[in-house]
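Quick notes on the structure that follows.
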Amino acid sequence: MKELLDRLIEKNKPLTDKGQVASYIPALKKANPKDLGICILDIEGNLYCAGDYDRKFTMQSISKVMALILALMDNGERVFERVGMKPADYAFNSLYKLDLPHGDKPANPMINAGAIVTTSLIKGEGEEKFDRLLKLLREISSNQHIKYNEEVYLSEKATADKNRAIAYLLKNKGLLEGDVEEILNAYFKQCSIEVDCIDLARIGIFLASKGRPLGSDEKLVDEEIINTSLAIMTSCGMYDYSGEYLAQVGIPAKSGVAGGVLAVVPNRFGIGVYAPALDQYGNSLAGLELLKDLSKELKLSIFS
Amino acid sequence: MKELLDRLIEKNKPLTDKGQVASYIPALKKANPKDLGICILDIEGNLYCAGDYDRKFTMQSISKVMALILALMDNGERVFERVGMKPADYAFNSLYKLDLPHGDKPANPMINAGAIVTTSLIKGEGEEKFDRLLKLLREISSNQHIKYNEEVYLSEKATADKNRAIAYLLKNKGLLEGDVEEILNAYFKQCSIEVDCIDLARIGIFLASKGRPLGSDEKLVDEEIINTSLAIMTSCGMYDYSGEYLAQVGIPAKSGVAGGVLAVVPNRFGIGVYAPALDQYGNSLAGLELLKDLSKELKLSIFS
Amino acid sequence: MKELLDRLIEKNKPLTDKGQVASYIPALKKANPKDLGICILDIEGNLYCAGDYDRKFTMQSISKVMALILALMDNGERVFERVGMKPADYAFNSLYKLDLPHGDKPANPMINAGAIVTTSLIKGEGEEKFDRLLKLLREISSNQHIKYNEEVYLSEKATADKNRAIAYLLKNKGLLEGDVEEILNAYFKQCSIEVDCIDLARIGIFLASKGRPLGSDEKLVDEEIINTSLAIMTSCGMYDYSGEYLAQVGIPAKSGVAGGVLAVVPNRFGIGVYAPALDQYGNSLAGLELLKDLSKELKLSIFS
Amino acid sequence: MKELLDRLIEKNKPLTDKGQVASYIPALKKANPKDLGICILDIEGNLYCAGDYDRKFTMQSISKVMALILALMDNGERVFERVGMKPADYAFNSLYKLDLPHGDKPANPMINAGAIVTTSLIKGEGEEKFDRLLKLLREISSNQHIKYNEEVYLSEKATADKNRAIAYLLKNKGLLEGDVEEILNAYFKQCSIEVDCIDLARIGIFLASKGRPLGSDEKLVDEEIINTSLAIMTSCGMYDYSGEYLAQVGIPAKSGVAGGVLAVVPNRFGIGVYAPALDQYGNSLAGLELLKDLSKELKLSIFS
């Protein structure tokens, strides 16, 4: 396995030149566009890593999976009264659909509007929402050192006019309860949580094991919540490239604009990938190609 | 003329039952839905009033005409780099068009998004934008007592999630400079300026006289700015009912959700109408019918 | 007047280089892009012409005014149950609005979808719809020689997939009665009617005189229908450039993609302009600039 | 297994009352809304049937899977130059997205616009397109008796204004080659192919076996084409309910408005379901609930 990973890293490394590091906040621009790394954790606990797997990066949209899980734990199916499960055929930071004459709730929890809703549904006042999410994430990944990056958080917050517009529109539509700026703060913080490929692989194995962290017998989360989350990752995890990704790779996954990808092969593997140079959709360009090769070599597609 | 007005008031009074007073802020809900009043001022200075013409009400969207005029005085044609002159076929408080993949600037200065842009383009820091607009309005209407209604202003501000969403989206699109909340404050204050039908008739005669206040020889505003404003009122003044209104009434006009209508017959009349019960588009229901009758009786249509 | 026209033709002639002749059908591509001509007819019957005013060209969208008038004569206000009076902020040959979840009838009779509806509402079976329209047009313009151009008609018909899509969608929405291909034939024929600037000026004076052809005392058409048509030309006559045109020129008008413009100064002038090189909106580029200059020189704006 | 199926049929039978039989063509209205049947075929060839599994019904949208497979066999990945793989968040018979200023190809091959494109890409002139599709379907299902229903075909054809509008728009956009009416005929015929639950289960096992018909060692279709088709069924197979369906059932499937559902559990089962009473999305209401129960009982979700 290690050899395979090394080979695939080498093969896909040149693709890092074809993407572009996210530039909308200064802190993200500092990433090295040539980085490409991967970790695979199997269900027995064997870990295989290759390339620049030890870089730290912020979760960004990958944190939307955590917010969804926690919102479902706190509220059950009522979450879906305020956010849909429909793939969106528009950019992840759009809001126009919400404001159409026939528009209603955000399409799904993997676009910004939907994730702001799920974050708002996490129980707790003030800092509590974020603290509970961080606590859950530490348990899931068995890593008590995970924390958010203050610089990225402040940078997100300072350049957040679009997310602010989305949040006030959600408020106006009656889809958001509580103080808008407080909810946005929790949202920006969760986007700024810093992880590496090993952390993502551990989160992946937690999902692949139906809610059990690696090496634990205790179910932290109900299987039904895990399945719902995997289904939503499958149909909506790669922004408006989700359909093509499913056909080409076939592994439930969620990407973030910092270049991370969390991928899950049910009952088998948790995978963390990192390559900050992005494609036109905002997904890790070399990261997705790497997953594509891996899926073919190991027959990881859910259709195989 | 007085007789004609009395007759038309009487004829249209029953229509006040068919509309609904705006309810989105508590202060507006207090209006008496049965009110219907009108004042006509001719270019020689003769004033004719009938019905409930002496009620005070807030300008609301009628103030958009003032913001447009002042923005044009301050910036010239560059205003139209940030806001269009296109009639909008959607609700006045929409924002979805701005966020469409091919969207750009607000359609016109008579919808909220466009008016927030023109307000932002008025020169001045902090309170200065609003102070200058109020000063101009007092000169135009020869009424130094005009001021804004504090209760309505605070009420607008407290329930402004949609306008806040619009403003942050404009900021995100690079169409708004300066502090968002400061611009919104100026916008809410101008919406809250209190007038009566006589004031509106005087503003109307100022526009009908190509920029001269009643009884003055001095041009306060360039004729070109006045013509541009009248053209925009003509195609966009009645929200998404503007096309039908033009065919049926044919008088350049602008309505506000408090029930006021400012109407202008070039070179002849300034008209102020008030009837707070609104139709489905947010225009004064009985007020528009009154204008329709008046247009027919006096052949006031620009096509006559 | 003649001198003024000569001067303005000369001034605007260079602008013909900036536009592009319509190319979607071969027959239109043959036009000389350098042509620029104008005729003005005053209400006393004086005719002034300049430039390439004697070129023949097809009416194209200008014929939509005729179809609207005849549909209103045949059906009265019921026409507006199937087509709106709202300016459209999208391209004239769009159909997507009709198919939106909240979409209904075509925005107005000056876009293709709306004009196909008005044509369908003209009474008569088979060839009769078109024959009646041609007959009316000959009376209005006092020119019995007006006829349609067979080559252009066949060319329109052969390249009409978009209009065919529009018509079948209208049929599906219950907005079109009768045989789709038959209605389209009438529509293509009316677009192919051949006129020159003198014909347009005569049609203009008919509209400017509230329904009387030049030199006639007989009202061919009710004043109300004329006013409605002028209002719709004012707000919708220049495709999605109508708002800007109104502010800059201020004369009710309708353009066609062959380069013609029909303009109407109520109670004063009928104007025909021709310049086949078009701007990005599909309007005659030099033609509109010529009208703009003329409007300023003679104070023809409806706001003057 | 048989007992389980009987029990689930009984349990879900009452739900047939909650849906409505498709009524847009007379032939479909004749279906018995109370029908509910299922067949499951495992990869070893064991067949289990229950309820009204022997009713004949037309494939309707299920045939889109066949057209996609054949288009891919004939053209390879070039198919996706003309049709996307993106889930659509709008009704299956919409066309507005194609005509948006930024619109391009149909979202995916499971909506009408996309399926008309894939049908057009099947090689062959005149009747040949359909004949080849029928031949392939007979091989796949090992049933030489499958044929289309003439009455349904003529009924589809006679009420096809919307599909005709879609096809002419596709032609106008350069996405359709060949004669529009000829392509539509092939499309209507494939929609009218008559099958029963056993046929669907056989088609299902062919897909579950990566391209091998039941009991055959020969691969009729490349595994890559099968995987692509399953991925597209997964993200787009249930119209705009696809996202919710994936979360709740988790089995790649395609529904048709006649009430059929083709479902595929990779490497394990082919499933055919029939219940003509539809939900608001146009999917078999009781059929989907039946699949949901079955998925839970047998852990058939691709995430299990």
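Things to note:
Which chain is which? They are A, B, C and D, in the order written, and residues in each are numbered from 1.
Definition applied: contacts are C-beta pairs under 8 Å (C-beta built on N, C-alpha and C of every residue); 3 or more make two chains touch, one makes a residue touch a chain.
Here the structure is a predicted model, which means the values were calculated and not measured.
Chain C and chain D touch with mostly matching residues; of the residue numbers seen at this interface, over half occur in both copies. Most remote chain with respect to chain D, judged by CA-atom centres, is B. If each chain is reduced to the centroid of its CA atoms, chain B and chain D end up 55 Å from each other.
Separating the CA-averaged centres of chain A and chain B is a span of 47 Å.
Shown for chain D are the residues that touch two or more other chains, namely 97, 100-101. Interface residues of chain D, counted against chain C in their complex, comprise 90-91, 94-101, 103, 161-162, 164-169, 171-172, 180.
Taken together, the chain A residues at the contact with chain D in this complex read 84-89, 97, 107-108, 226-228, 230-232, 234-236, 240, 242-244, 246-247, 250, 252, 266-267, 301-304.
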